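What follows is a pair of complexes built around subunit A, which joins subunit B in one and subunit C in the other.
Coming up: the complex of A and B.
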């Protein structure tokens, strides 16, 4: 009784995870270590949204009371990225803590084989977790690399008692408790969890906007089990992050053949082989997107990815390559959808590729917005205003 | 004390066990959840069996006939075991079927509930089984080969380039299946030969970690695949299968050459491994027999007693015990029949 091809296709339409075959849940070990007195597990504060993950269990994403673990590269190169995260959270009415005592995770140099050792890496992570715990807020990690690195650190700590002992010694010297959050949450997971609330406050129509998505390697290729995979997005076979937000906002997400590739940043490459980075970002990513999907915008969710995909394009343009697509985070994209100012909030003037045609397609008057921003600058230059506040950005 | 042996599962191992019990003069009840006998080779539409290329239906037909022709064998199709009470040799096995529940009184039980193919949706590598129509699993290609209709599901055209990706769901610590599934290398090579027979113009590649060709399979399929059918074996793990135009872009590492590779294919066949079937996992619970960490039934006295389980009077055979080829399944089916009957017929030792 042979089966026709159509029957085969039907069988392959939908993946459903067998509940009897869920991989081991790391949280069991996290809580077991708490029971043994090894550390404190910081619970995700209510209200929470549960999101589906690659390994099938649900991840808790708190809506508010979040401690913003910021990204070095975002703050330094694309400040509108983190501003957009804060702005959206404020517009939705969720309170947060923007700490001044966070340290860099140091993972960039770690992944570039440049610095540090396991105990130092883990101590930095736990030092930041403790700082969040001490003020009673739950960590929200802005940077994809910090996020992936902290999850690797968690794995190392779970399985190496001698590492925990070393870190405990450091934490004792710092006078801080050993704390592990119940979940390690990336900001883009918060945006995914909140995508329908964001869409409910949308003021710009994005139905005519075509986007390509670059999922960040350090989000879903490091300790991939608790990255968001949703059966309703790509059939649960690719991470749903970013794509879910773009689709909730009405944009059309188009695929391309090199979506799985690195953006080109590569850590070591951006430091010591930058030509490789520029070539990879443009020839393997942007140009392929242009040829296969012709997007209006490239959306991603990590510092290095936005900067690399955006700021590499000038070099390829000089060689007459088929590039020239604006690149931004989904946080900026969502903020624009909700009516955020493209310069005061999203700070697109820090971006290299021309974003103005995109804003026009979104129905945003960038010339008027730029004039407003110039007025702000005049006030700052004249001393009339010392700095801009949330009240100034709308 | 009942003299009946209950065999649970009507695949190759269960059929051989039931036939063995009957031919040795025992009474046997064979309980099968499907509406047909033959197990996975029939349910999944296997074209031929590895390594001898016999048509699967024909070969399984012989085994089925070997059971159904026995007067002392009763076959219960569409029945599932739901409970087990008592101790050996007085088990009371509750089975549920279209006619309702029934209790089978039996002195011994043989579990032959087999395996299921690894679901590529759980793969941590990016193989896109559920994303791309032209990514198939071994059993999907078997069905096409049986139908003599090997075509790309996306467009109905015969493929010009096919590759097999080995060790999907096997030898993979991330997934938790560290074991080798034993048969996939042989089955992939057999299917590669059959593709070349049916589509002589199609180029066939096999990407492997290392080919595991047990015993005579080396000469039966591995060398003929290369020397007679020009199947190309490339050592290296595949990491991604992506869509590029109307082709599949297969990416990975050529470990012989020590470099990354990227090749276009029309079809990709994932050589999925073996995992304990739902029935095997359920029987471990219902019958109270020890599974191993993967969910297969644990043999209690390895290596020389391969079929005795942790519970007295209950035996297991075939792929319920772990990855097994058909030869192993038939052999352990026979061994389980012998052990179960010997258990029932063993005379008690009397002390003078």
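Coming up: the complex of A and C.
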């Protein structure tokens, strides 16, 4: 009997959840620990948008009053990433807190070198959560790895009382409360939740733009239950993040066969073993995208993925490989759609793969924009301006 | 002699996995540390040998590396093979956790993370070798609270990232001052971190033993970090 390929593929077109197979909701345990006096659960502040997750639970995404848990890789090497997140939030009129009382989650180092342990990682997470709680803002996690790692930490704390005791002792020494947010929210979930409000302020037409999406492993593979899956995007079979935003902006999202593959970042590899990173990023991702989908832009939603997919192309290009496509976050893509300056806000001059043909296709005059940015730099260089401010960037 | 006997002899030969200069008791002790980690029972439930983890694994495509091989060795308590993997395999893992697609619910990436921690804590050669050239990153994250900084973008460190790295490096201070978020006007850290925040971070490293872990793999780095942290804590009036 032949394999019923078409029938199997048809079944995969749309995912139907079986209500009898719904796993338990971790939030029950989070609130139970609060009742037992183990920690404070920080509630998501109103107004909220409820979004669907992998197993059908609705996740609360607050619109404003957010405490921006920044990403070291974004702020350090791709600063247009975080700047675009802030800019879009400001344009939509939602207030936020950009704290100095925040450390990295330190998970990049942990996954790279293992020079830490479960207690230290949990204490770093809870120190940041407490810092947000103390100023009355709700954490919004910019980095996919921070987001995934904090969900791992939450799982470990939920199921290991000895770890909670160890972390509590440290938090007492720091004079900080034990706080767990009701939801751990990634910035791209905020963009997904706000996609229609973003599209309502769109000034650039993206109907002619073809995009491929790379979803970040640590977003939807680590503690996968509360990642966003929408029945209306990929039939609920893949995470709706990034794709939902790009489609709301009118771009054409094209698929490719290695969609589920990692980008090749590797944590330690990207820094000291880049032969692996370069090879994987180009052979398994960029080249496949080029051959199968020929996108104008690659959109992703994590620090490491943007860096890896963007920076790895230079060496492959030197070898005449089929690469050469700009890579950016959907935050930068959305900001451009809303009329953000490509250099003052999106900071595309920090990227490597050539983004100028994309800007031209979007109808953005990058030469005029670059000249404007050069004028800003002259003011900074002459001392006329010490720093650029939000008022300066439009 | 049957084929089965041959295999049995092969598997029971302690030299097959190499490292026969290391006493079995020491290998057993290290494996015991892996199993004693509180997360271990949540990371390994058995193995169907389906190979889904290998198919999803980026490292398996480029290295002689297999998350399934690790899950199986740990699952059947093959002390010799687990030791070999701690010395040869575990640092190839990308820690992407694509392997958690396992239908048995295993987390091979998580098991590997535990094995790495044990390798670090016990100063294994593999750990020292894997972290060669990585010291400055550990220094950066532990001492400043941010992992990568703008001033790391130097053309000699990233020659394969294209000429834009030199542009960033040449214009670093100016380009950072052109960023509108006030927290971003930094060159040696990702963002501006409060002094008080750093003190709290240092206390976490001290009280959880994370700082001591560095001693086993890089004594010089440990000394520098300890000095930096103790000085700042002393300035804050805190004795450790």
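Here is the rule we use: the second predicted complex is superposed on the first by the 376 of 394 C-alpha atoms of A that agree within 3 Å, B and C clash if a C-alpha of one lies under 4 Å from a C-alpha of the other, contacts with A are read in each partner's own complex, and residues count from 1 in each chain.
Everything that follows uses one rule, which is that a residue touches a chain if its C-beta (ideal position, glycine included) is under 8 Å from a C-beta of that chain, and two chains touch if they have at least 3 such contacts.
What you are looking at is a predicted structure, and each value in this text was computed from that prediction instead of being measured.
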**Per-residue touch tally on subunit A - higher for subunit B or for subunit C** = C
**Request:** Would you sort A:269 into first (subunit B), second (subunit C), both or neither based on which partner it touches?
**Result:** second
**Asked** Is A:260 touching the first partner subunit B, the second partner subunit C, both, or neither of them?
**Response** both
**Request:** Considering only touches as defined above, state whether A:291 meets subunit B (first), subunit C (second), both or neither.
**Result:** neither
**Request:** Based on the superposed arrangement, let me know which partner A:95 touches: subunit B (first), subunit C (second), both, or neither?
**Result:** neither
**Prompt:** In the superposed arrangement, does A:50 touch subunit B (first), subunit C (second), both or neither?
**Reply:** neither
**Touched partner set for A:82, first subunit B, second subunit C, both or neither** = second
**Request:** Would you check which partner chain A:9 touches, where first means subunit B only, second means subunit C only, and both and neither mean what they say?
**Result:** first
**Prompt:** Looking at the overlay, what does A:381 touch: subunit B (first), subunit C (second), both, or neither?
**Reply:** second
**Message:** Output check: A:205 vs subunit B and subunit C. Expected answer is one of first, second, both, neither. What do you get?
**Reply:** neither
**Complete:** Note: overlapping subunit A surface for subunit B and subunit C spans 224, 260
**Message:** Can you tell me which positions in subunit B touch subunit A when the two form their complex?
**Reply:** 45, 119, 121-122, 124, 126, 128-131, 133, 136, 140, 143-144, 146-147, 149, 151, 153, 156, 175-176, 240, 242-245, 249, 275, 278, 281
**Prompt:** Can you list the subunit A residues touching subunit C in their complex?
**Reply:** 70-77, 79, 82-83, 86-87, 98-104, 106, 108-120, 123-124, 127, 131, 148, 156, 159-160, 162-163, 166, 169-170, 173-174, 176, 217-218, 221-222, 224, 260-262, 264-269, 271-272, 274, 276, 278-280, 284, 311, 313-315, 344-345, 347, 349-352, 373, 376-377, 380-381, 386-390, 392-393
**Prompt:** subunit A touches which residues of subunit C in the complex?
**Reply:** 37-39, 42, 56, 58-59, 61-63, 91, 94-98, 100-101, 113, 116-117, 119-120, 127, 130-134, 137-138, 141-142, 145-150, 152-153, 158, 160-162, 164-165, 167-168, 171, 174-185, 189-194, 196-198, 200-201, 203-205, 207-210, 213-214, 217
**Asked** Inside the complex, what are the residues of subunit A that reach subunit B?
**Response** 1-5, 8-9, 11-18, 20-21, 23-24, 224, 234-238, 255, 257-260
